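Take a look at these structures.
You will see two complexes here that share chain A, one where it goes with chain B and one where it goes with chain C.
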Partner chain A sequence: MSPATPLAVLALAATVGIAALMALTRLANRPGRAAAILTPMLFAVLVLFLWEVLTRGLAVPQVLLPAPSVIARAFWNASPELLQDVRQTVLFAAIPGFVCGSALGMVTGIAVDRSPFLQQGLLPLSSFASVIPIVGVAPIMILWFGFGWQSKAAVVLLITFFPAFVNMVAGLREASPIERDLMASYASTYWQTLWKLRLPAALPFLFTALKVNASLALIGAIVAEFFGAPVYGLGFRISAEIGHLALDRVWAAIAVAAAVGSGSYALLTAAERAATFWHPSQLPGSDRNS
Partner chain B sequence: MPDSPHAETLDIETTQPREQARAAVVSVENVAVSYPSREGVFHALSDVSLRVARREFISLIGPSGCGKTTLLRLIADLAQPSTGTIRVNGGTSRQARGDRSYGYVFQTPALQPWRTALANVMLPLEIIGLAANERRARATAALMAVGLGDAASRYPWQLSGGMQQRVSIARALSLRPELLLMDEPFGALDEITRDKLNLHLTDLWRDRDLTVIFVTHSIPEAVFLSTRIVAMSAKPGRISRVIDCGLPRRRTLDIRNTPEFLAISKQVRDALSDAYANE
Partner chain C sequence: MSEAIAGIGVFRTARAGVPQWSRRILAPVVILCALLAIWSIAATLVNPSPAAAAAGIWPSNWWNPRPTLPSPPQIAVATWTGLFGYPVTSPRSLIYHAAVTLEAALAGFGLAAVLGTALATAIVHVRLLDRGLLPWVIVSQSIPVLATAPMVVVAMGYMGFSGLLPKAVISASLAFFPVTIGMCKGLRSPQTVQLDLLRTYNASGRQVFWALRWPSAIPYLLPALKIAMALAITGAIVGELPTGAQAGLGARLLIASYNGLMLLMWATLIVASLTAGLAVGALALLERALPRFRLPA
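After this line comes the complex of A and B, so read on.
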C-alpha cells in the first residue's frame, strides 16, 4: 500500500461524512414522523459506512477493530452459538434476576413505607448494600450457587434490587396530602389507598427503575459470566473469544448484547407510555425530543 | 340546572324550626387545637363552639391562620381536637367518616390524572364497593347534576379549572351525602366562573336538602350562599361573630344588589375588620 492511500481514504471519508451530515441535518429539521424515524436510521448507516471505509482503507489490524462486514460475517457463521448464548444469558440469568430483583425491591419499598422501624433500620443498610461492587459479589455467588445460570441470576437480583427499592420509596411519596385526605374522607383502607392512589402515582418512578434495571441486568449477567460459566453465555463468549483473539466474534457478541439491551429498553418505554400517558412528561406539548 | 317540580315546597323561611335545630347535623363544643411550635404553644383553635342544623348553609370566613380549614378538617375527622367534642349526625366524627356521611371538596380539585371525569366520580363508589353498573349510573347522574354530562370521557388535563372543580363536586355528591364540607373550592377561579358555580351550588343545596359548611375568603360569596356566616379571627383561632343571613332560600345573582344583601355584607365586613385589627 502506497503512503498516499491513507490520505486518500481520509479525504474520501471526510468528504462523504460532511456531505451526509449536512443532508441529515436538513432532514432532521423537517417536520413529520418520517423524518423523525429516517434520521437516526440513516445516521447509523453513515456511521457503519465510515467505519467500514476507514478500517479497510487504513488497514486497521483486525485485533484492534474489525470492519462491520467482518463482524457481520462472524455473526452469521456463529449464529447458532450466539442464539444459545442469548438464551443462557438473557432468558436464564438476566430476565429472572431482573424480575425477582425488581419485584423484591418494590415489595420491600412498600414494607419500608408502611413501617417506621424498617424505615430507620433498612434504608441506611440498603444504601450501603447498593455500593457493593458486583465484580466482588459475582465470585461469591458462584461459590454459593455454582457455575450455572443460578449464580448469574443471583448477581442480577442483587444489583436490580436497589433501584427498584429506592424508586418505590420515593414514588410512594408522590401522592399529595390532599389526595390522601380525599381517600381518608372515603374511609378508604390502607390497601385501597395504596392500590387506587399511591401505586398509580408512583408509576413514573417505577418505570424509571425498570429502565435502569434492564441495562443493569444485562451488564450484571454478562460480567458475572466472566468469573466462571458453562460453555455458553454472552459473557463467556466474549471472554473466551478474546483469549483466541477472535475479535470479530467478540464484536458480534457485543452487537447482540447491545441489540437485546436496546430492544428491552424500547419495550419498556412503550409500556411506560401506555401506562403513564397521563403524566405531564408524556402529554403532548411537553418537552419530548422529536 | 332545571328546578325540580316540587322545589316550591322547599322554598321556605331560613329560620329553622326548633326541633330541627336541636337535632344538629354538626355540633362542635368547646373545641381547641394547639400544638407546640418554635415560639411556644400555637393555638390553631381556641374554645370554638358551633351547632349546624339540617339544611343550613354555613360559611366560615376570616383571615388566614384563623383556623377555618382546621375546623372543617376536625368535623371531617381528618384531624383531631386537643380538647372538646365534635358530634356529627349524633355520633362521633370518626363514625361519620366511616359511614361516608359527608362529601368533602378540597381547595384543589385533586382529580386523578389517569382517570377520566366519569372514572374520577366513580372513585368513592369503588371504595365503598358498589357494583359496576350502579357505579356508572350514579356517577353519570352526579356529572349531569353539575352540568358536565358530555365531559364524562375527558381527562382532567383536558378540562378547565372550573370544570375540574365541578367534577370534584360531582365526586363528593356521588356518595349522596346530606352534609357537604367545602374548603375554598372556588378560590382559584375567575370571578365570572365563580359566580356561575355559586349559583349552581345554591341550587344544589336547596334542591337536594343539603347541609353545607363552606370555607371562603370572599364576603359576597359568603353572603350570597349562606344562611349563617361565622366570622373568625386569628391568634388564637376563634369565632368572633355569627351573622344570620335572612335572605330567601331561592337566590339569583341579582340578589346581590338588594339593600338586605348590602346590609349583611357590611355586618360581615365590620366583623372581619375587627378580626384583622388584631393582627
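After this line comes the complex of A and C, so read on.
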C-alpha cells in the first residue's frame, strides 16, 4: 500500500465524516425504537471507521494508538491467552468476590435492620468507605493471601460490600408505613413482612447496588493485579504487554474487559427488568437514563 | 410515654429529618471503637512476637516490627510519623506524597468538570449526540476505564508528557462520566411547563439555558462532583502505579508492596483515605453552603 498523503487522508476523513454525520442526524431525528438502537450503533461504526482511516493514513505510531484492525488481529492471535486471563480475573477473582461481597453486604443490611443504633453507626462509616480508594488494600491482601486469585477476590469482596450494605439499608426503608401497617393488620411476623413486602420493595435498590458492584468488581480485580499477579490475568496482561510496548495486545485485553463489563451490566439490567417490572422506573415512558 | 415508644420513635424522627445530633455522633463513634477493639484483639492473636510471649504481656504483640495485622496504635504511630515525622519536602513525608497525588487529582477533576459539563450541554442540545453518543457514555460506566491507565501513561510518555499530566488525564477519564450523566439529568430537569413559559416569553435557546436549565442543573452537579472527586483521587493513585513514579501515594503503596512494608501500606492507605475524605468533604460543605441549589428532599 502506497503511503497516502496526510492531506488526502484528512480530506477523505472529513468528507466521509460530515456526510455520515448529516445522515445520522436525519436518522436521530426520526422517532421510534429502530432509530434509537441504530443511531448509537452507526455512530460507533463511524468512529471506528474514522479511527482506522486516520491512524493508518496519518501513520500514527502504534505506541500512541493502534488501528482497530490491528487490535482485532491481536485479539485473534492472543485469544487463548486472553481466555485464560478472563478465567483468572473474572471467574476466579471478580465473580466470587462480587457474590460474596454483595451477599455479605445485603445480609449485614438485614442484620442491622432492627437496630437503628447500628444503622446510624454503620451508615456514616459506609459512606466514608465509598469515598476512599479501597483498591489500595490490594498490596495488603497480596501479603496476606499471596499473588493468586484469592487476594484479588478479597479486594473485590471489600469493594463490593459497602454499596450492597448501603443500598440494602436504604431499600428496606422503601416500604411505606401504610403498607407495613397492612401487613401488621394481617398479623404477619417480622420475617413474613420482610420477605413478602420489604425485600421486594427493596429490589430496585439492590439491583442498583449489583450494577454498581459489577463494574467495581471488574475494576478492583484488574487494578489489584497491577500490584502483582501470577503470569496471567487481564490486569497482568495489560501491565506486562505495556512493558513490551505491544499496545495492540493491551487494547485487545481492554476490549475484552469492556465486553465483560458491559455484558454483565446488560445481564443485570435484563434481570432487573424481569424482577422489578412493576416499578415506575421500568414502565414505558420513564426516564431511560436512570 | 416517650420512653415506651423510643424504639420506634428514634427511627421515625430520624426519617422525619429531625437530627438527634447526639445519637448521630455517638453511634458511629461507638461502632468505630467496637471495630477498633475487635481489631486490637485480632492483632494480639495474629502477630506472633516471641519477645512479648516471653515477657508475658499481650499488648506488646501490638508492636511487632513486621506485623501480619498491625494493631490500631501501631498504625496510628506509623501514620503520624509519616505525616509529621519528616519535613514536608522529604520524600519520606506522606504529606509530600499526598500533595503530589492531590495535585494530579484536582487537575483531572477540574478537567472532568469542565469537559463533562460541556459534553452534557452538547448532548442536551444536539439530538444526534443525544441518541448516538449518550448510550455509549452510559455503557462506558460498566467498562473498567481504569484498566487503560498504564496505556495512557505510556502513550503520553511517548508524546513527551510525564508526571502530572498523564495522571490528570487518567483522573479526568474516570471523573468525566458521573459529571456528564449528572449534568444531562440536571439540564433536562426543567419541566415542560417551565420550558413552555419561557417559549411564551420568546426566549432564545441561550436565554433558556442560562435562565432555566443551568440553575436547575446545579443541584445535580454537586452530588456528581462529589462522586467525580472520589474517582479522581482513585484515578490519580492508580495512575501512579505503572509509571515507575517516585512520588505520590500510589508510588508509595507500590514501594511498600514490593518491600513487604505492612506498616507503610497501612499508613499510606490511611493518608489516602483522609485526603479523599477531606476533598469530598469540602465539596459537601460547599453543597451545604448553597442551600438554594439543593434538591428538594
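Note that the second predicted complex is superposed on the first by the 267 of 290 C-alpha atoms of A that agree within 3 Å, B and C clash if a C-alpha of one lies under 4 Å from a C-alpha of the other, contacts with A are read in each partner's own complex, and residues count from 1 in each chain.
One rule holds in what follows: a residue touches a chain if its C-beta (ideal position, glycine included) is under 8 Å from a C-beta of that chain, and two chains touch if they have at least 3 such contacts.
Quick caveat, the model's predicted, so the values are computed rather than measured.
Annotation: superposed three-chain arrangement on chain A; chain B versus chain C shows no clash, the two fitting side by side.
In the superposition on chain A, A:Leu21 makes contact with chain C only, not with chain B. Of the two partner chains placed around the shared chain by superposition, chain C is the only one that A:Ser264 touches, whereas chain B remains out of contact. Shared-chain residue A:Ile222: touches chain C; no touch with chain B. Comparing chain B with chain C, more residues of chain A are touched by C. By the document's definition of touching, of the two partners only chain B reaches A:His279; chain C does not. When the shared chain is aligned, no partner comes close enough to touch A:Trp191: not chain B, not chain C.
Chain B and chain C never share a C-alpha pair closer than 7 Å once the two structures are laid over each other.
Across the interface of their complex, chain A is touched by residues 7, 10-11, 14-15, 23-24, 27-32, 68, 127-128, 130-136, 138-139, 141-148, 150-151, 154-155, 158-159, 181, 184-185, 230, 233-234, 237-238, 241-242, 249-250, 253-254, 256-257, 260, 262, 265-266, 268-269, 272-273, 276-277, 280 of chain C. Taken in their complex, chain A has these residues touching chain C: 21, 24-25, 28-29, 35-36, 39-40, 42-44, 61, 63-65, 116-118, 120-122, 124-125, 128, 130-133, 135-140, 142-144, 173, 211, 214-215, 218-219, 222-223, 226-228, 234-235, 238-239, 242, 245, 247, 250-251, 253-254, 257-258, 261-262, 264-265, 287, 289-290. Remark: chain A residues 176, 178-179, 181-188, 192, 196-197, 200, 276-279, 283 touch chain B in the complex.
Chain contact summary for the complex, chain B toward chain A: residues 73, 76, 78, 97-98, 100, 102-104, 106-108, 110, 112-114, 123-124, 126-128, 155, 157, 175.
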